[in-house]
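Presented sequentially are two complexes of subunit A, the first with subunit B as partner and the second with subunit C.
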Partner chain A sequence: MSDGTYVQLLDLACGGLLLTAVLMLWRRELSAIIGVFAAQGIALATLVGVLAAHQGSAELGAVAVGILSLRAGILPWLLHRALAGAGPARRETRPVVNVAASLLAAALLTLLSYAVSQPLVALEPSTATRAIPVGVTVVLIGFFVLATRRRALSQLVGFLLMDNGITTVGFLTTAGVGLTVELGVSLDVLLAVLVLRILASRMRETFGDTDLDELRELHD
Partner chain B sequence: MSALGVVGGVVQPLVVVAGSPLLVGMTRQLRARLEGRAGAGIGQPWRDLRKLFGKETITPRGTGAVFRLAPMVLVATTLVVAVVVPFVTTDSALDPVADLFAVVALLAAGTVALALAGLDTGTAFGGMGASREMTIIALVEPTLLVAIFALSVRVGSTNLAAIVSATLHDPSRVVSPVSLLAAVALTVVIVAENGRLPVDNPATHLELTMVHEAMVLEYAGPDLALVELASAMRLSVFLGLLANLFLPWGIATTASPLAVLGGVVAVAVKVTLLGGLLAVGEVFLAKLRLFRVPELLAGSFLLALLAVAASFFLA
Partner chain C sequence: MTTVLLLSPVLAPVLGALVFLLAGWRPATAWLSAVSAALVLAAAIGDAVEVAATGPGTALAGLLRVDALSAFMLIVIGAVGLLATAATPAHLAAEIQAGRASPRTATRHSLLVQAFLAAMALAVLAADLGVLWIAIEATTIVTAFLVGQRRTRSAVEAAWKYVVICSTGIALALLGTLLLNYAARHTPGSSGLDLAGLVASATRSTPG
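Right, the complex of A and B next:
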């Protein structure tokens, strides 16, 4: 792969990550959000695949395939299953902060991530490290989603968004995380999603809702 | 001022004025066909304009100079934009005016003139339409500026002609995250600014939903013709700007008649395709609630801002 196409593909994948992160804040329907999450998984897998092709590392290529199947296949499928169980009334998110304000907050978070990741980029300026702010932005937006959504499922999406961001930063900063570490992290995320899904369905069975705002008081 | 710029300055406004009613007619005809209606034909907007220009001028009682001047200001600002923006040729007749900030300010000035005219009538609809239009333009204008600014960062100049020629010489710029984000943002604001679905329905006169139509409700005769012509011209100018900023191929770089003809054909094909896409998209879209519109526009502003941010940190 020539240097020009490498830079272009890497930048495109980063653009895709940013765009999908913003779309997750923008859309209200949970099914659309899950679709966007799958698209982000594809963008992340592309990013890792491009890095693998550039470094000529077969191990990293295997990691890319693993990320693609996990983040664009299994996790969205699990979320869809959880959504189907929630019934028609629970299809929309109910953010604490309205959408326009959260979009403006995301704009500020982008600038913040650019400011805080400057020292990291300055350590070793290269095409990959220059994209670190993108990863940090995705982490911050994920955290924002986690903090401002009420339903358990949308919080789960926020958690996964944050994890996507952390993975992005990991691949951009290091020459390669290593197959074992990446496998461990992926299994961890998968388990977390499974556990949270079971927790959400138990909550629904017990309280009839997964609105976490209504779970503040203790009952007998 | 080069020969190419002069040729562009003469040809472009002619093409825009002659072609924009046809563009509107084409989108209406396409929409009618897709909805299973026969449609009035592509030439219908021109026939409407001819009929309206033949009528006597009549203004509502109590309206002042603002109401009478607004259609002319609207047409004049759009004409200046049509002269300077690189649609057919890469050079501009008035190079300093082909600046991003000047062009966006000119387009916004036209909108403001029309909103003032809506207020000048003193009717409920005019005021309502004007207030809604101001809400929309307040979010559209910064997005337009920031989205085009993202493209100008790489070129190092806010001159639109410079941006277009730079893209022409380096086609790889088109598939970059900056271009993609800016293109999405620009598409959303162009749809909003031209009063198309899902922000405003150009085909309705239902009082609770309309924005643009509410402001021009009191116009009749030649004034109405000017307003209609101007809004058709604005649609083609915006679509032409979108087409040439991201896909400038076919634009004339020399003043030879063949190159200029090629430029005219290229811009006509691109704008027609975009207009067709707009019409097809409108068939499948419902109008958004007015209170959801700021959300849509805030989203496009964020995308434009991300485009600028990406042009710095992915450079």
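Right, the complex of A and C next:
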């Protein structure tokens, strides 16, 4: 692949990551949020695939296929199943911060991450490392979703968004050693999601719904 | 000798967990948890004596490492674990009698406690930040099930909050680990995420 196409494809994949992260703040239908999450998984797999093609590494290519099946296949499927069991409550009602303010916050978080990532880019300036701020932005937006949403499922999506961002940063910085890192991280994510899903279904059994405002028995 | 002292705090609870997995919780195995916690404590004291006499030691080709801090933390884990597991047989018997637990949930409780002990011991003994991260993640997952063991409202609520807060924290720690790895690779003469290597090359890394 020529250098020009490599740069363009890498930027396209990073743009996809950033766009899907912002879309997740904008949409309030939970099923649409899961769809956007699957699209982000595809963008992440494309990013790794482009890196693999550029380095001519078959190992990294296999990792890209693994990411595609886990983050665009298995995880969205698990979330859909959780949603199907959740009954009629399919919308993120009353988030703590409204949509317009969330979008403004996303813009501020993007600026912030470009500011704090400068030393990381300066360490080894290249096309891949110049995209690190995008990964950091996705992490920050995920943290924002986690902190401001009230549905158990949207919090789960926020956590996964953070994780997508961290994986992005991981691949942009440690290009080459990916397989073991990604395998460990993916297994952990899958395990954490399974734990959270079990808890969410238990929560439905005991609380009737998964609105986290119901969780008021334990506080100072 | 160091290898035995370093491996036993991790292996004793793993073996305990295997026994609980195969034999289940019964009068014969009721005190097994306490025995394995006592082994952890004994090995921790042995490690502390060894560190005081000859300085930090390593095992398994440098995968495990004990220094003064990790020996101290290991003693704390062993002591607290011993106290908790020594109280467990009476507690579980009373719970079963009151109908709030069954031999099945008692088995699961004992199994999870053993796995928790092993993961904690591995976390303080790991010589590599990557292994350390995996061990701490393992403690989070195991304790999530321990916290939510009784399926009452407050138990499920506590477990949900615990898992969300801990897995967010551990995810941020992973980001930090990845960035540290990136910075360490650009430091002359450094060896990745090895703790001793990171300390040794700290003065040569670029500031800011």
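In this text, the second predicted complex is superposed on the first by the 211 of 220 C-alpha atoms of A that agree within 3 Å, B and C clash if a C-alpha of one lies under 4 Å from a C-alpha of the other, contacts with A are read in each partner's own complex, and residues count from 1 in each chain.
Convention: a residue touches a chain if its C-beta (ideal position, glycine included) is under 8 Å from a C-beta of that chain, and two chains touch if they have at least 3 such contacts.
None of the values given here were measured: they were computed from a predicted structure.
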Using the superposition on chain A described above, determine whether A:96 touches subunit B (first), subunit C (second), both, or neither. neither
After superposition on the shared chain, which partner residues are touched by A:110: those of subunit B (first), subunit C (second), both, or neither? first
Have a look and say if subunit B or subunit C is in touch with more residues of subunit A. C
Just subunit B (first), just subunit C (second), both, or neither: which does A:205 touch? second
Figure out whether A:169 sits in contact with subunit B (first) or subunit C (second), or with both, or with neither. second
First (subunit B), second (subunit C), both or neither: which does A:120 touch? second
So in the superposed three-chain picture, is A:143 touching just subunit B, just subunit C, both, or none of them (first/second/both/neither)? second
Could you say whether A:18 touches subunit B, subunit C, both of them, or neither, answering first, second, both or neither? first
Can you tell me which positions in subunit B touch subunit A when the two form their complex? 172, 175-178, 180-181, 184, 294-295, 298-299, 301-303, 305-306, 309-310, 312-315
Can you name the residues of subunit A that touch subunit C in the complex? 119-120, 123-124, 139, 143, 146, 152, 155, 159, 162-163, 165-166, 169-170, 173-174, 181, 184-185, 188, 191-192, 195-196, 199-200, 202-203, 205-207, 212, 215, 217-218
For the complex, which residues does subunit A have touching subunit B? 4, 8, 11-12, 14-16, 18-19, 22, 26, 98-100, 103-104, 106-107, 110-111, 114, 121, 130-131, 133-134
Report the residues of subunit C in contact with subunit A in the complex, numbered from low to high. 130, 134, 137, 140-141, 144-145, 148, 151-154, 156-161, 163-164, 167-168, 171-172, 174-175, 178-179, 181-183, 185-186, 206, 208
